[in-house]
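Here is the structure we will look at, set down as structure tokens.
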Amino acid sequence: MIKVEGLTKVFPGQTIPAVKDLNLEIKEGDVCVLVGPSGCGKTTTMKMINRLYEPTGGKVYIRGEDHMKIDPIKLRLDIGYVIQEIGLFPHMTIYENIATVPNEKKWPREKTKEKVEELMHLVGLDPEIFQNRYPTALSGGQRQRVGVARAMVSDPPIMLMDEPFGAVDPITRARLQNEFLRIQERMSKTIVFVTHDIDEAIKMSDTIAVMNEGELIQHDTPSDLLSAPADEFVANLVGRHRSIKRLHLIRVHEILKEVDRTEPLTEDAKKEEVEKQLEDSDLRTVIVVDRDNKLKGVIGASDLKRKAGEVAGDYCHEVSDTVTDDATLNDALSVMLECGVGYVAVVNEDEMYQGTITLGDLLNVVREDS
Amino acid sequence: MDQLLRMIVDLLMTLGNGTLLSTQNEARGDLRETIDWIIRRSDRILDLMVEHLWLVLFTLVIAIVVSVIVGIFISYYETLAQPVLGVCQVLMVIPSIAMLAFMVTIFGIGFTSGVVALVLYSLLPIVRNTYTGIRELDPAILESAKGMGMTERRILFKIKLPLARPVIMAGVRTAAVMMIGIAALAAYVGAGGLGELIFQGIGRGHRPMIIAGAIGVSIIAVAFDYILYYGEKRFSVEGRTREGN
Amino acid sequence: MFRTLWVWIGIPLIMIGIVAAMIIYSVNNPTDSIVERMLTYERVFRVIRQHASLLLISMTGATIVGVLGGIMLSRPSLYRAGRVVETIVNIGQTVPSIAILALFYTILGMGFRVAVFALFLYSILPILRNTFAGIDGVDYSIIEAARGMGMHPLRILTKIELPIAFPIIVAGFRTAIVINVGAATLATFIGGGGLGDLIVTGLAVRREMIILNGAALAALSAILLDYLIGKAEERVVKWS
């Protein structure tokens, strides 16, 4: 889909190239993450792809076509671009911001409206609330969502995203990342994604391109990159705790199949059942679900002592945090650490209980690996 | 629109045909004549220049004292700020010759009318900058000063005013440059200064006189602007630390 | 609704009404024969008309030239020239208006046209400078985002740069108009007519009634224009 050959950029007045002889091939529907320390030429590479910067040397092929032969305006209209600084237009409402490309393409008003509202829902901004606001009235995370929606609205087959989740706190960032992955699963766009955060790279990518000082060091799948770093630099970048980083790569549902754990109790379970399971279970906790298999709560030993009731549903207490089955093991680990317990319940999108994983399960994964 | 076009065409014609050609020749003569005249009358020009500067500096001192006090006052009495600044804005918007005329009807022809008009004019820039300079200080600084047990009086003199000084000085600069121009008009109501050359020159059709007056005033204005600009930098807190003393 | 009417029509009418009453009173009750001769409706209307033409012509021209010039200087190819022009403009603005008028008198002579021309040149400065500064101040990432999405340079100018710079351009226009009204009152010194005429006449014949009427009219025109533009300015920016 995108093929980069010997791409080089020397800025006027500089002698050292910002990007040097870069070769890269990105397959259709893949997410390729460019990662590397700040100043290594990631943004410059992106801007050469959509011709915001003219390359000093080398070629870029979009679907086999030399991109210098395509009219730059037309090229850019078909490549969604999320700029690092977000760059929302301060004098336009959120709606008008997202409708920029449709307006440039002179879409009929109805179609634009439909698409803008769809995109706002997609990135989790309620159009009713947000469409008439101005960017100054949004938080950093909300602005980045608008930036992503604005780039995606005309359904471009290719997206360039320059640190799209850079300006938000870690928690929001994780949420945006998961939303992004969910969207990408459905849309299957060809995406070049820039970040300087190796964890984000591992989590989001089909392939990772590691850059340093303008040069491509290694282009590989995340697990190959982790198991066989090309050189010292890559090894340092992925860090010494590579096995822990693998937690980013594995989804909860993948290990859920393998763990063998007692079934949860239903909310009408008797006290004896609860007591029995408390003793048997390695969790030292009993999971309670309702008749539809929705997670109802958990019962610990203290609950049993303190409040007695007829059935389990009466005295189980709610769990504050769960993970979805498409979350990574790393997400699961953070929830456990945050809640200070050794397990986390897994639910699916419809909040159906799927199982529980423990710290021990995670340890097994890490141990297997090393 | 039609009138505008005709005007521009007419103007270009006048410029092209007669005036420009004649002024080219005349200009050379003019320049000689002007220089001669300036040399011949350098005493009087210097006197007027000193008079002009005296008028401006004298007024500037009064203006600074009055305006800074007003500015401090409204920084404490928030509700008065908008009305006071509004009145100052109106005063500054009034055409200067109209303001001078009003003063003449009150104080008569002479120095006083000039001084009062100039002070009224310079209120806005200095009052506004004093007010905003104080208001926009980092609240954390003021809070920590209070926390250390400084009295409000000491906070004002030791913290607020020194920190707001660059902003206040910028207002003073604006006011001073404006005053130099208006002081030239004040000559018309008998306050003296370089304006006299301009008005007498126009009255008599005496070009060298007009040029001497107009250019003299302009030089003073540009020089004041420049001096105050660099003075501001040189003596500001930032300027000092940057030079490492 | 009522508030809007009051702000846009009520207050201006009150201001005009007060000055109008003053003029009517003065014309009908002249203190002596000199005032009677010098202060007539005909003359008042004539100087108002002159004043309005001075303003209208010079401001129209200055706005067109200033905005277009500012836009041109902000283009990347002329950007360096823009910085130089900015410095020149700043110095030009320091030169007092009376000096400008006087200098133009020595070059072009007396008359309405010379006054208009001088006012025109003088009023270009703030508009030009603010247009340039306003466009120059637009965050470059915003422009780059627009370019990256495939907007045409001309569309970027009209849809992004000018709207974002608009409040600053309007502020420049407001400054220009206040300076212009003030300078227009001086046009009378070089035979350009206008409201200054009454003031100067009044001072010459030492008749307070004439001076006051002239000064009140001049003050009214300036305050009214400044007030209206200020109110318009408040409505311009809904986004910050």
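Lettered A, B and C in written order, each chain numbered from 1.
Here, a residue touches a chain if its C-beta (ideal position, glycine included) is under 8 Å from a C-beta of that chain, and two chains touch if they have at least 3 such contacts.
Owing to the predicted nature of the structure, the values given are computational and were not obtained by experimental measurement.
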Overall pattern in which the protein chains touch one another (line/ring/star/complete/other): line
Selected interface, A-C versus B-C, where C-beta contact pairs are more numerous: B-C
By mean Cα position, the chain sitting nearest the middle: C
Centroid distance [mean C-alpha coordinates] between chain B and chain A, Å: 60
Centre-to-centre distance between chain C and chain B (centres being mean Cα positions), rounded to whole Å: 19
Cα-centroid distance, chain A relative to chain C, in whole angstrom: 56
Touching residues on chain C, where the partner in the complex is chain B: 53, 57, 60-61, 91, 94-100, 102-103, 105-109, 113, 116-117, 178, 181-182, 184-186, 189-190, 195-196, 199-200, 202-203, 208, 211-212, 214-216, 218-219, 222-223, 226
Residues of chain A that touch chain C when the two form their complex: 47, 50, 52, 72-78, 81, 83-92, 100-101, 104, 134-136, 150-151, 160
Chain C partner contacts - residues on chain B that touch it in the complex: 3-4, 7-8, 10-11, 14-15, 19, 23, 30, 89-90, 92-99, 101-102, 104-105, 177, 180-182, 184-185, 188-189, 195, 198-199, 201-202, 207, 210-211, 213-215, 217-218, 221-222, 225
In the complex with chain A, residue positions of chain C that touch it: 139, 141-142, 144-152, 155, 160, 163-164, 238-240
